Amino acid sequence: MPTLAHYLLVSGGLFSIGLAGVLLRRNILIIFMGLELMLNAANLSLVAFSRFHPGHDGLPGYNAQVLVFFIITVAAAEVAVGLAIIVALFRAKQTTHVEDLDTLKF
Amino acid sequence: MVMISALALEICVVCVGILLLMADAFYVHADKRSLAYGGIFGLLMVFAMTFFIRPVPADYTGFYTNDDLGLLFKRFALLSTILTLVLSVEYAPTVERFIPGSKPGAGLGEFFVLPVFTCAGLMWMASASDFVMIFCALELVTISFYIQVAYMRKSTASLEAGTKYLILGALSTGFLVYGITWIFGMTGQTGLRGVSMVLGFVPQASQSALLFGIGLVLVALGFKVAAAPFQFWVPDVYQGAPTPVTAFLSVGSKAAGFVVLMRVIEPFLAVPEIETKLVAALQILAGLTLVYGNLAAMPQTNLKRLLGYSSIAHAGYLLVGVASVGSPAAGRAVVFYLLAYLLMTFLAFLVLVPVAKAAGGDDISDFNGLGRRSRGLALAMLISMLSLAGLPFTVGFIGKFFIFEAAMREQHYLLVAVGLVTVACGFYYYLKVIRAMYWQPAPADAPPVVVSPLTRIAAAVLAALILIVGIFPKPVLQILP
Amino acid sequence: MSTSVAPWIILFTPLAAAVGILFVGRYSKPLSAGLAIGSAAIGCALSWWLFCQPDPAESLSFPWIQIGTDLQIPIGVTIDHLSKVMLVVVTTIATLVFTYSIGYMKAEEGYWRYFAGLALFLFSMLGIVLADNFMMMFIFWELVGLSSYILIGHYFKRDSAADASKQAFIVNRVGDFGFLLGILFLWAATGTLMFGELTTGGIAVFAANPFYLTVACVLVFCGTVGKSAQMPLHVWLPNSMEGPTPVSSLLHAATMVAAGVYMLARIFPILAAAPPALDVVAWVGGITCFGAALMATQQDDIKRILAYSTISQLGYMVLGIASAPTPDVSMFHLFTHAFFKCLLFLCAGSVIVGMHHEQNIWKMGALKNKMPFTFLAMVAGALALSGCPFTSGYFSKDLIIAWAVVRHPFLGWLSVATAGLTAFYTFRLVFAVFLGKPRDEHAKHATESPAVMLVPLACLALPALVAGFPFIEKIFFHVADPEEVPFLLHPALYALFFGGVALAWTLYGNAAKDPVRIPFFANRLYIDDLYDWMVKHIQDGGAAVLSWADRWIVDLLVVQVPSKIAWAGGFVLRFLQIGNIQAYAFFFGAGVVGLLYLLIFR
Amino acid sequence: MQLALFWLFSIFTLLFGLGVVFFRSPVSSAMSLVMSFVGLASLFVTLDAFFIGVVQVLVYAGAVMVLFLFIIMLLDLRTEERRPVKLAAWAGGGIVIGGFIAALLRVVVSLPDAWQTKPVLANPGLNDVAQVGFALFRNFNLPFQIIGVLLLVATIGVVVLSRRELK
Amino acid sequence: MSAISPLLVLILVPILGAAFILVGSNARATALVASAANLFFTLVLAASYLGRPGTDHYHFVSTVPVIPSMGIAFTLGADGLSLVMLLLAALVTSAAVAVARTPDKNAAWFYASLLFISAGGIGAFASIDLFFFYMFHELALIPTFLLIGIWGSGDRQAAAWKATIYLALGSFVLLLGLIGLYLIQPEGMRTYDLRAIVGLADAGLLADGNWVYLLLLAGFGILVSLFPFHTWAPQAYASAPAPAAMLHAGVLKKFGLYGLIRIAAPVLPEAVTRYSNLLLVLLVGNILYVGYVTVSQRKLDWMLGYSSVMHMGYIFLGFAALNVLSVTGASVMLFAHGLSIAALFALSGELRERTGTLDFAELGGFAKPMPAFGLLFGFAAFAAIGLPGFVGFVGELLVFFGSFVGGVPLMGSMDGKELFQLNNFQVATICAAWGVVISAVYMLRAYRRIFFGPLDDRWAGLREISGPARVAIVALIVVMLVTGFFPQLLLQLIESASIWS
């Protein structure tokens, strides 16, 4: 039987992978995907917690699942807006590469 | 007198926003500025409504609390939004230049409407007492800011700023969510009240997990309030964003961040060992923020960017206050400082916008000789800079005084020493502006600075408030929680 | 007119005159001269009148500073024998010199400035004479310094005069430094400043610790060293000859420089309680009187010769204070010296006027016939100075020498030798100026001075000769002759006087130029050069080093370095802000990790 | 059995997650993102969170990934043009990630109930859609409204930002 | 008690004057009227004060609570000492305004800044509440920055920056000190009202205040240019326009020492005595070290700046000795030095305005073309070096007496010979007395180099000192002479001060 630790570690790993995507990739789209991974990793542990720590009624904490639901929604909205910005950026500068975005500095 | 439910406030704000959208959609040919005026009017109405609400002492039942802290920050959000709209009107021509649109006023409508929705988000943040609520309100604010920062699509600076804010903001959101997850996991609660209730029973062993969660939430909020080392987006974004949005960011979202921060850490301070670690962490954040903001601001030449750094610096002072939560005065100090910060920052931006419009740039050197070119504006800028630097007889001084008083009560002497140095640095870079305005001669071809009456009124009111409250803060202190 | 009011009139008339001249003086020369002389004359008359009156029972006194019981500094006068004599001397000579000045300054500019200065000086001098407590004396002590500064610097366009006045004031300040400390020492121990209380029993405190009293007295004596130009602070007096000659005669010969001696006389009982201090005084006086005489023998400037002789004579007086049982001995010499030295200077002044302000004795010569009257007066003064038997100087000086020989044999015999030197250099001066051949155009066409200058000469010549006779002396002083004086002493003195004159005659009878050259003496024993070197290299050098340090070390450490560090810090921090999202994300992550470690692993 | 499934799904998820990061071409990154989301959904299912699992598949595999692919096509970025790999960035990133993972492990092992298995639920076959909906519309009404506003704002934003010509 | 205090008028007059100027009334006239009116009011006030009974407490008190929760109230009040300082402020302000030459650019801000500085000084001296005591002093900071920066001479920008930042830093340290003073009071009785604090101190209710005293000393010390925190002063005064230098050196700089005498002396006496050796070392540095630095200055303005730094040493000595005599002396010196340095800066300003240079090497012989100027300068210079007849002498005298009295020298005998030893105060006094010689050296040198010696042809056409300046400086000198001849006028005011609790 998988234990809580299993799930937490997996979600942690996923989170780290997402973080890695942000830190290591230089294509904004990929970075964005990494961010999505992080959010979902969080979701995983949320659900895991809710399942492993059932409430007094012996049911999983559905509040957590609602939160997950919200997170997914927000993430979707974020993706929409984010991609819109990226598109606008690409139209203006013909690039999705972070190193081309350094006019504002110092 | 008739009392209204606090929930009505946000609803009204949202309705104002929707009405404006409708108007924007249906009266295509009308002058878009009227939207802004409408928004200002509507929000003023809501602001008036806030005085018909009886705050109930904080009882974090459910998601929504309208204690007087929350109420105060609702007013705060409304005020900053109104001022942002005033700025937006002044700034509209620039926006028009930088968005694709054939007709005059194209795309301005949304520019005036979005702050209203942001305002609703800020107000919800002000009374959020549940992590879910916090998350949703925060995201509403954040996402609407993504849009506003990147609003001027034809200006690469604005887009770049938007992208940076987007990526880093999303990153912080990720941490926030993960942190909430862990706090939930350890307490099984999402409501702050619930958390504070079960916190006593959390086994010693899982405290580090709890701290892990708190730490990640702290990171996210630190990002919002521009605390070092999560502040790197600030100067770039402030410089690139449309100026009204910059002002809104630096005041509205920072203030909301602080109120959430204060609400979130409060339950955890009940546990001694968590409290000590938390305070230590806050002290270090405060110290780093002070040093980074003030030192890095000194070599700046661009006023907008300088204000970005200065907002980091003030976040530092505010964090000093937050780190001194032990003393009863700390909360009041932070709130008062935020109030002062609202006044002086918006005053600075109210002067910056017209001057930059006239000079075509927002470098400090564009202020050269303003003291002779346009006395009133220069005087206003003088007052705001003195207040930012924390000179007596301005509200900024009283704020700093409270902050350091609290810190010394808590005997954070090291922090106070750092503050001592940074205050001196602060004098240096704020005086640079005064120097430009009064020492330097005006360039020969300096165009006249035109200011709309609305801006003029707003600036006059702010300047007067800065001085009056700076000399006689008693009435303001009475309305503080 | 009561005897308790008169002193105040005497004291403040000159001040009033000075203020008056300050306002109206520039409009009329006669008016300013008149005011000054009037005030002096009034003072003179009142002083003589006062002298004839018995001492007043009590004297008026006003509180000047009064702080609870902690400190009272009154402004009050003492009328006793000492002060009355001094009053007489000062006012009389002042009157004469003021009158003389009319003639001497006729052609000069800054007329009113000059007389205002004189009046101010008279005021301050009288203040010293009348003071009844240390602080009041110190106040007027400084004011005297000021007036001397003003008068020496009269020809301020001349660099030498400007420097001389500055030097005079500063050197006096050095003396006053000690004086003030001495006052503080005495006050700290006894809690009073009044001469009366100090001299009568106030010093009983010191029975426990005479050493402390000695230190205090020596410090007070520093005041004398400065004001009376004792070695090693004598350098300013010869330089002060840059001032107008009447000033030299009044301030720097007759009265002001004698203030130091007067002060010693005033506090004599205190000194007497501290024998070691008296020894110091004696040595300083003795060495001064000998050394100054040596320097005088090789000077060429007529006024400088007289200046050194003044220093030498003051040395006698100081020595006398230290050796005689009563200050009257020195006061007696002060009295006679005032007349003949003033006379000598006025003669010198008349010669200088006759010579169109030529002061080098080797450019004169054979003035005997051109200005006979001056010649006679000069001779009278010279005799008195060199202690020719039965002139005033003879009586007073020999008395001091006698006491010195008895009390301090070595110093005594040194002063005996000095007597011979005195005769020598005095007559060197007389012969070189009045005999021989004219050695200069001016000397050929020199003419006698106007009457207004000659009358004072006459008035002074008489006392210069006779003021020392016992019957006069009895009026003013109560001196005592020492018992068993070595019987060699008086013969030795006669011999030395005639020897000196004879030597002067053989050498300078009719010499075209100075036959002897002793650079060591001519260069004032190199003391001035030593001072110049010290001021130039030690004081100014050190000051320059300090100011360099202030600019480049203190300022650097306190201001520059911190500010530069802060600025550099900001400059460096900016480079974290490299504008690259990934870098920001990295910092962000690093921050997260750091924070987590802070929270979890500690 | 459960454990085997868990391992299967989690390895699936993690591998494709790595794919997201390490594929050079955005398209394959996007595809592997979807795959890892699908794996995640199945992990949700193993946690008896069927509704969430379904939503996950719908929203991500459906909407988000379509959006991504659409944008990638629109911007026509096939393969990221080769740029010199920044060693510093990789090293720094590695350190940060390592640190983060270390903290995470430290926390997880410190958990008292880390190794407990799933507790049995009060009544297993309960349909959690009803439960979630119940919670959503009853307790979480207010946040739900806020999300609504958020979506509105997002819509406005997307329109404003991506429309060619604003009117 | 809470009736409107007449002191409020003193503060408001200059501020309103400045306001009028900024909205466009004739700058110079308004400033003159305002300062003259203030002088008049101050004199009236002093006169009425002397008429009042019980001069051991504050008069003209009025109080308006501002932050009741922290015991902060806008409390005005004056006793003898404050009145002396107020007189000084009013005198110097009038003189400064009279001497000022209307600049061709931005005259309004020029005079307004002067009035603001004056208002700051007056407000500080008239405040009993430490919070406002501090705030008022800060009021002068920015005007100084503007005055030096816009109308200064020489390397004005550097000077303005240095002085402003440095003073800001110092006053912030001071603020921390005041907060500390607040925090060492017993919980629940905490206040910023000086009278109450003194009461608490007398009742022995204060916690250990050594660190507070050190903060206060550092803060005030920087403001008063205590060695080694003095380097800002000479540069600032050298480049400031004459009126600014007069006001700052004459009035504002006194704020720090006034504060020490007012606050530290009565509230933290044991701390003062505890750290007296430290202070003695520093103040001897002020007198001897800075004194010799002054000697080697080549420019008049720098020399005056350094001399003003040096003279602070005497006042510190008076404060450190902490007895009636010495503190009275210090207070007198505050007054005396304020007047003399103001007169000197005014004259140097006039001189710069004529010659364009203050380098000794280029000047000389000026007594010929402008005798009156020379005379006034002479008066001012001799007043500055403490010549009897001027009030400065009284001050120095009292300081010396007070600091020397510290215990009659210990009599006793060590291994047979009688000995005595001086305590540190007495040693410091001896150094200070030598300082009198030093000051004579540099002052007379300056006087000799400027006014004596041959006159260079290029200076042939020098104009005499101008009318208004003449009047102002004569007024200052007359005051110094009168109070010098009749020091009791001043002393009875100071003796009635409430610091002798």
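Going in written order, the chains are labelled A, B, C, D and E, and every chain counts its residues from 1.
The rule we apply is simple: a contact is a pair of C-beta atoms (placed from the backbone, for glycine too) under 8 Å apart; a residue touches a chain by one contact, two chains touch by 3 or more.
Model, not experiment: these values are computed from the prediction.
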{"item": "Shared interface partners, meaning chains that touch chain C and chain D", "value": "A, B"}
{"item": "Chain pair with the higher count of C-beta pairs in contact (A-D, B-D)", "value": "A-D"}
{"item": "Central chain (by mean CA position)", "value": "E"}
{"item": "Centre-of-Cα separation between chain D and chain A, whole angstrom", "value": "5"}
{"item": "Computed distance of Cα centres, chain C from chain A, in Å", "value": "96"}
{"item": "Chain A and chain B: spacing of chain centres that average the CA atoms, whole Å", "value": "26"}
{"item": "Rounded Å distance, chain B centre to chain E centre (Cα mean)", "value": "43"}
{"item": "Per-residue overlap in chain C, given as positions that touch at least 2 other chains", "value": "574, 577, 579, 581-583, 585-586, 589-590, 592, 596, 600"}
{"item": "Junction residues of chain D - those touching two or more other chains", "value": "89, 92-93, 96-97, 100, 103-104, 106-108, 111, 139-140, 143, 147, 150, 154, 157, 161"}
{"item": "Touching two or more other chains - residue numbers and ranges from chain E", "value": "165"}
{"item": "Pairs of chains, among all present, that meet the touch criterion", "value": "A-B, A-C, A-D, B-C, B-D, B-E, C-D, C-E"}
{"item": "Chain B residues within the chain E interface of the complex", "value": "371-372, 382, 386, 389, 391-393, 397, 401, 404-405, 408-409, 416, 420, 423-424, 427-428, 431, 434-435, 438-439, 472-474, 477"}
{"item": "Complex contacts: residues of chain E adjacent to chain B", "value": "65-70, 105-106, 109, 134-136, 138-139, 141-142, 145-146, 149-150, 157, 161, 164-165, 168-169, 172-173, 175-176, 179-180, 182-183"}
{"item": "Chain C-facing residues of chain A, complex", "value": "19, 22-23, 26, 28, 31, 98-99, 101-106"}
{"item": "Complex contact set, residues of chain B against chain D", "value": "7, 14, 21, 28, 62-64, 99-103, 106-107, 110, 113-114, 117, 120-121, 124, 130, 132-133, 135-137, 139-140, 143-144, 146-147, 150-151, 153, 182, 203, 205-206, 208-209, 212"}
{"item": "Chain D residues within the chain C interface of the complex", "value": "89, 92-93, 95-97, 99-100, 103, 106-107"}
